[in-house]
Amino acid sequence: MTQPYVKLDKNNAAMLLVDHQAGLLSLVRDIDPDRFNNNVLALADAAKYFDLPTILTTSFEDGPNGPLMPELKALFPDAPYIARPGQINAWDNDDFVKAVKATGKKQLIIAGVVTEVCVAFPALAAIEEGFDVFVVTDASGTFNELARNSAWDRMTAAGVQLMTWFGLACELHRDWRNDVEGLGTLFANHIPDYKNLMTSYATVKGRA
Amino acid sequence: MTQPYVKLDKNNAAMLLVDHQAGLLSLVRDIDPDRFNNNVLALADAAKYFDLPTILTTSFEDGPNGPLMPELKALFPDAPYIARPGQINAWDNDDFVKAVKATGKKQLIIAGVVTEVCVAFPALAAIEEGFDVFVVTDASGTFNELARNSAWDRMTAAGVQLMTWFGLACELHRDWRNDVEGLGTLFANHIPDYKNLMTSYATVKGRA
Amino acid sequence: MTQPYVKLDKNNAAMLLVDHQAGLLSLVRDIDPDRFNNNVLALADAAKYFDLPTILTTSFEDGPNGPLMPELKALFPDAPYIARPGQINAWDNDDFVKAVKATGKKQLIIAGVVTEVCVAFPALAAIEEGFDVFVVTDASGTFNELARNSAWDRMTAAGVQLMTWFGLACELHRDWRNDVEGLGTLFANHIPDYKNLMTSYATVKGRA
Amino acid sequence: MTQPYVKLDKNNAAMLLVDHQAGLLSLVRDIDPDRFNNNVLALADAAKYFDLPTILTTSFEDGPNGPLMPELKALFPDAPYIARPGQINAWDNDDFVKAVKATGKKQLIIAGVVTEVCVAFPALAAIEEGFDVFVVTDASGTFNELARNSAWDRMTAAGVQLMTWFGLACELHRDWRNDVEGLGTLFANHIPDYKNLMTSYATVKGRA
Amino acid sequence: MTQPYVKLDKNNAAMLLVDHQAGLLSLVRDIDPDRFNNNVLALADAAKYFDLPTILTTSFEDGPNGPLMPELKALFPDAPYIARPGQINAWDNDDFVKAVKATGKKQLIIAGVVTEVCVAFPALAAIEEGFDVFVVTDASGTFNELARNSAWDRMTAAGVQLMTWFGLACELHRDWRNDVEGLGTLFANHIPDYKNLMTSYATVKGRA
Amino acid sequence: MTQPYVKLDKNNAAMLLVDHQAGLLSLVRDIDPDRFNNNVLALADAAKYFDLPTILTTSFEDGPNGPLMPELKALFPDAPYIARPGQINAWDNDDFVKAVKATGKKQLIIAGVVTEVCVAFPALAAIEEGFDVFVVTDASGTFNELARNSAWDRMTAAGVQLMTWFGLACELHRDWRNDVEGLGTLFANHIPDYKNLMTSYATVKGRA
Amino acid sequence: MTQPYVKLDKNNAAMLLVDHQAGLLSLVRDIDPDRFNNNVLALADAAKYFDLPTILTTSFEDGPNGPLMPELKALFPDAPYIARPGQINAWDNDDFVKAVKATGKKQLIIAGVVTEVCVAFPALAAIEEGFDVFVVTDASGTFNELARNSAWDRMTAAGVQLMTWFGLACELHRDWRNDVEGLGTLFANHIPDYKNLMTSYATVKGRA
Amino acid sequence: MTQPYVKLDKNNAAMLLVDHQAGLLSLVRDIDPDRFNNNVLALADAAKYFDLPTILTTSFEDGPNGPLMPELKALFPDAPYIARPGQINAWDNDDFVKAVKATGKKQLIIAGVVTEVCVAFPALAAIEEGFDVFVVTDASGTFNELARNSAWDRMTAAGVQLMTWFGLACELHRDWRNDVEGLGTLFANHIPDYKNLMTSYATVKGRA
């Protein structure tokens, strides 16, 4: 009756980054901009770190929505990049769906702007086609908390799993022993509190 | 086990605006009045823009609840207008149900004041009769957040889909190419941040 | 798959007021005390107005938990009053369950202090025995929002319907024409904003 | 020892609107954008209504800061318009100061974006030169509440009087009898709650 | 250099209740309506209890602002009642000022709606004429916290003392022994938490 | 269709405390540190009081994550203590799972830091293996409310029951008569408001 | 023109703890009870640690206000203890003022319940008599933030200095070298985050 | 009577960074860690950019307070670095005061952790010695908002001017024409919203 536990698997997951565009980002007001900016870059770094097939897409980037965040483009220079000519739901764009299917992965990780449209629409569509969908809540943003909560309710009713970028990285990594340094660096670069712990620890240990 | 994705379809949807009356609006305290006023008018403009059959109804408008917001009446001069003589649940009023069924649409979009009564009651009743129901959360208001959250819980348990007016407009439109200017104008008129993007964009482009 | 709409019916509903005791009330910090006090009295007035069989129960009222709110006792002098000798879950007390079953009603309306214990425990137990359970969220209180949200999640998963006292009164009344004055008075006594509407309306009309 | 009451006087006041530019507006996050947009337009309408000499100024409007809000330009087509070539503090721009002094007014009303820079800097400078300065708090915006509070503390310590657009309009008007309809229209256009009161009142009265 | 301590003295204080009108109350959104309604009635009860000369005034009560709260009228049937024909600042109305001066008191306690206009204007004017002014912050309301904070800053800079109705009652009473029962009743009627303490205390003591 | 009521049973429950480590605790920012510290100790005291088999586990305690809270170690000197060498999900550690199964209990109570990883991962895994899982929400902490809410949504969809330490203690105890003094002491030590009630009660009674 | 810096001096300061009574504590709702309880005990521990002359006083402790927090009584068994027979302002009680003056100290540290009465009244009175007054904001509590802010405004206008218990302890101590262990223990006992730092540090250092 | 406007002057200002240590940072809970980390680095970058003499100091960095943030040390390798042996108030350390005076500047900019101690103490002491003191509110942090507000009240009463790092940079820079690129880069690196504006602008302009 309840939903089974689908564990994220780095060998079976693809990352879809939808419409993180300079103009649209000014619409995001349910997360503080410092934190949101950090979360999006952390998620992208995680995708890079776990070597997940990643797909970039934008909506109307020649208009007021503005260009993709330059850091994302720089981080994934060879990723499929679908500048959608008009479709609001990325899943309505054939090139996008083809790119997704070409990854051969069954688990889709989605983040984007704004949550109830650019994230929710393809998330709901992908579930209909049998994918397991994980939405990264803190790397997705929207107008206000009311809009976010409405979108979460609609997506969870459909079977989407909600995660943060940190939870996602932990579930993909499984075991620190796979690479202590790599994961530690990822965390230190994006979690000030964690960096402080590492700094203090290294200092005391170094003095010993 | 989870809920299937029912996509809003502009050819199969009707809009029900329930009890947005001048007196009742003073009870709404879970949304800032500037924002709420804007959201209701945005939803109405969207109904107009997508040419959805729209039904207006009020409760006891000759008493303290007060008259319908004049802008709604002006926007839909020919819409069915059911001034209910006493029924709290609009769905208990035969004329209202007849008007709904006369639209021949299967998807019902509902917004109103107050959320846990004027919206939730007809929403729950319509689902019982097999309609797909979409409640517009940010064009519906109530006494406080606790009341809103209770109402959302009850409605989502019954299968209602929660959306904002912006998400709804996007899902109805599907593709910007259907009419870039029309949708852009709708957004600019009701999203100050989006208007700013358009202003800046037009200016820089105009200077080039 | 989703939950059917069980409409409150004044001929088939009983009201259970659990542990609204002077001492326990000082633990309630998820609602402002002025508002909470008002909500509990509003719910009690509604029970009286709709003539619902009402059951009062307390836990350890001779100790620090303190006596029942005097207003409740005064309002329902002849209601079954079960001072539980020790059971935390009222449903573990045979007299309480007997009193509930003696009402012959299938719909149970529950409110109390604190939400995750005195309300949630009997609510969950009653559902197991086939009752339809409606918890009145704004006449139930607890330590903080986190505790409230946990309790709501647990109860809604089990099939409890969450309502406010206002939504409940509206669903029980069905039609203003059943008694305009009575319902209006109930609202005016407990909703300052509504009273203001009535005052203004009566004044302008009176002058006419 | 305390500050004397300097009453706003419509014959002795000028309005300075500083840097309400499309780009900078996306930095404002201490007020909801719907409300902020409304407040700025309300203040501008008030300046128009009371026929106050009004000065517009922008900072670097050819760059990312973007053009002035078009509504402001449209409302004051003949107002002095100082596009500052570089000065961050408008008071460091001679043309601006000259325009201010040319009004011959001693009371300066200032609003702008962002509060701690574009508003606070000229406010502090104008006080040093002996003007009475009134900052319109709800038509000025900044990054977050912490920034706003810091700016308020600095300005009030220097003798700035903080007002809202509504308080300002009331103090300028002094007596409803000067023009009931005009002030009522100003309020109705920018205060949804007030408009609702007027709608209800007119309806009941009209029916009488 | 700092402000001297002016202690409220029940033999030298008058109470001014400004514009607590049914329509204007719907504009108050910086305090929850249940709490605000309670605070205003508590303040009025305190004025009655301490037998302070009390003056009522309204602004345009025949229009949308609506009539005075009926409870205030009922509580002070013989108080001077100045229905101002148009003056926004009550202090601009000669009858009002005459009534204030006729009390012969030097300490003025002011509360009203909305804070930055109906309270702040007469408060600032009265200070200019040498009165000691105490504003009752929790029986005065306005559009939002930003407006409230602006008004507080302006008033405290001018020397107004900010108090709550509870602090005011305590400072007027000085010593419980003057009348334990009377003050206890005042508190119990308006502070649910205090009433609970009294209920528990009386019960345990009564059983002893 | 809805979830059955699984009542906590002190003879059939085990307590899993996951990663309450000195370093990781500095990451917890969704609960005030005074309250969180108190909640964790209250939960541990409850486990002790009800004599539940308890299992302690840590992640990388020799690194920046830091050592287990010393109070937990002191309270359960003989409990299985699994210092995981690398597994992020405690359930991926065979010793941990063996220790859990060795308790022979079917109900697992889980709390830890951070919620969406150290709590959610073993909770989801345990449910897959047929355990009944209860997560103690207020003794689990994470980065912010958004992260907490995402985690709650994912866990409740999988069938986890969310409880607070207080609700849990009440459900385990069932009846005050089992030990009034013991439960009262547990509450007084961790709920200041409850301690105050007991102090007042004892004083008045003692004087009698 | 601004206020000179009066530094707290442990040889010239006395501590006044006013009305921290079990009943009155239930009125405190502007601080979370876990934190408030902790703050009051931390302040008392600081007074003990710095060996400040300390005076305890209560108001009507035989009635609903309830007895003094037992921990305070236990910590200062020999301190002057003035159970006031009726005076609301402790400064109106001669025994209290005599006890204050008998300390021979010029700096008075005051904390109590509720802030705008039991703290503000004696604070204002003591300033009138030439004392330097420091109010400990986080060991003083009241009904809500609005009441607290009003009280702060009134007190700071009169020259009261606002401090927290932590700032106060630091200013009294001046130099860690006076006693590292003592101050560290005081902090660890009342600041969970600080305790965590000490635990981690000691562990890493111990392993070295 | 009010405070004169002392304008920050880059030729007459020094920057004091007090106790931004890895351990102490975990105590900061009145600002989100992502934002706080960003603010501190932005302030440091500003000091570098304007070439202000900068002084670093720490308290007990060999103990649990932990080492200075490594970024600060890296940014100012040649700055005076005073590791205080015990003085809590940096101003009580002769080397620190000597270093301050050696800069020959009259305007001191101070930020640090925690606000009411490491910032407020030296700020108050420096004012006593005739310096103009500017506290950077958003690069200073403490336990909670109550502690922050107390500290602000005490500092502003003494004449401290409160600023944010952004306001400070603007006041130091005076005119964009001094260096458009440099200031733009500083803003883009630390204000995501501003970076977005620059990205969009450059893109549209580039395409032209």
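Observations on the model:
Going in written order, the chains are labelled A, B, C, D, E, F, G and H, and every chain counts its residues from 1.
The working rule: a contact is a pair of C-beta atoms (placed from the backbone, for glycine too) under 8 Å apart; a residue touches a chain by one contact, two chains touch by 3 or more.
Nothing here was measured: the structure is a model prediction, and the numbers come from that model.
For A-G, the matching interface among the pairs C-D, C-F or A-H, defined by over half of the contact pairs being the same residue numbers, is C-D. Separating the CA-averaged centres of chain D and chain E is a span of 31 Å.
Mean C-alpha position of chain B lies 43 Å from that of chain F.
Within chain H, the positions touching two or more other chains are listed as 1, 3, 23, 26, 29, 32-33, 66, 159, 191, 193, 196-197, 200-201, 207.
Pairwise chain contacts in this structure: A-B, A-D, A-F, A-G, A-H, B-C, B-D, B-E, B-H, C-D, C-E, C-F, C-G, D-E, D-H, E-F, E-G, F-G, F-H, G-H. Here chain F touches chain G in the complex through residues 22-23, 25-26, 32-38, 62, 66-67, 69-70, 191-193, 195-197, 199-200, 203, 207, going by the rule given at the top. By the touch rule above, chain A contacts chain B in their complex via residues 1, 3, 23, 26-27, 59-60, 63-66, 85-89, 92, 114, 116-117, 120-121, 124-125, 127-128, 143, 146-147, 149-151, 153-154, 157-159. Of all residues in chain H, those touching chain B in their complex are 197, 200-201, 204-205, 207-208.
Residues 1-5, 7, 31, 137-138, 152, 156, 159, 161-164, 166-167, 170-171, 173-178, 180, 191, 193-194, 196-198, 200-201 of chain G touch chain H in their complex.
Every residue of chain A that touches chain D in the complex is listed here, in rising order: 26, 29, 32-33, 144.
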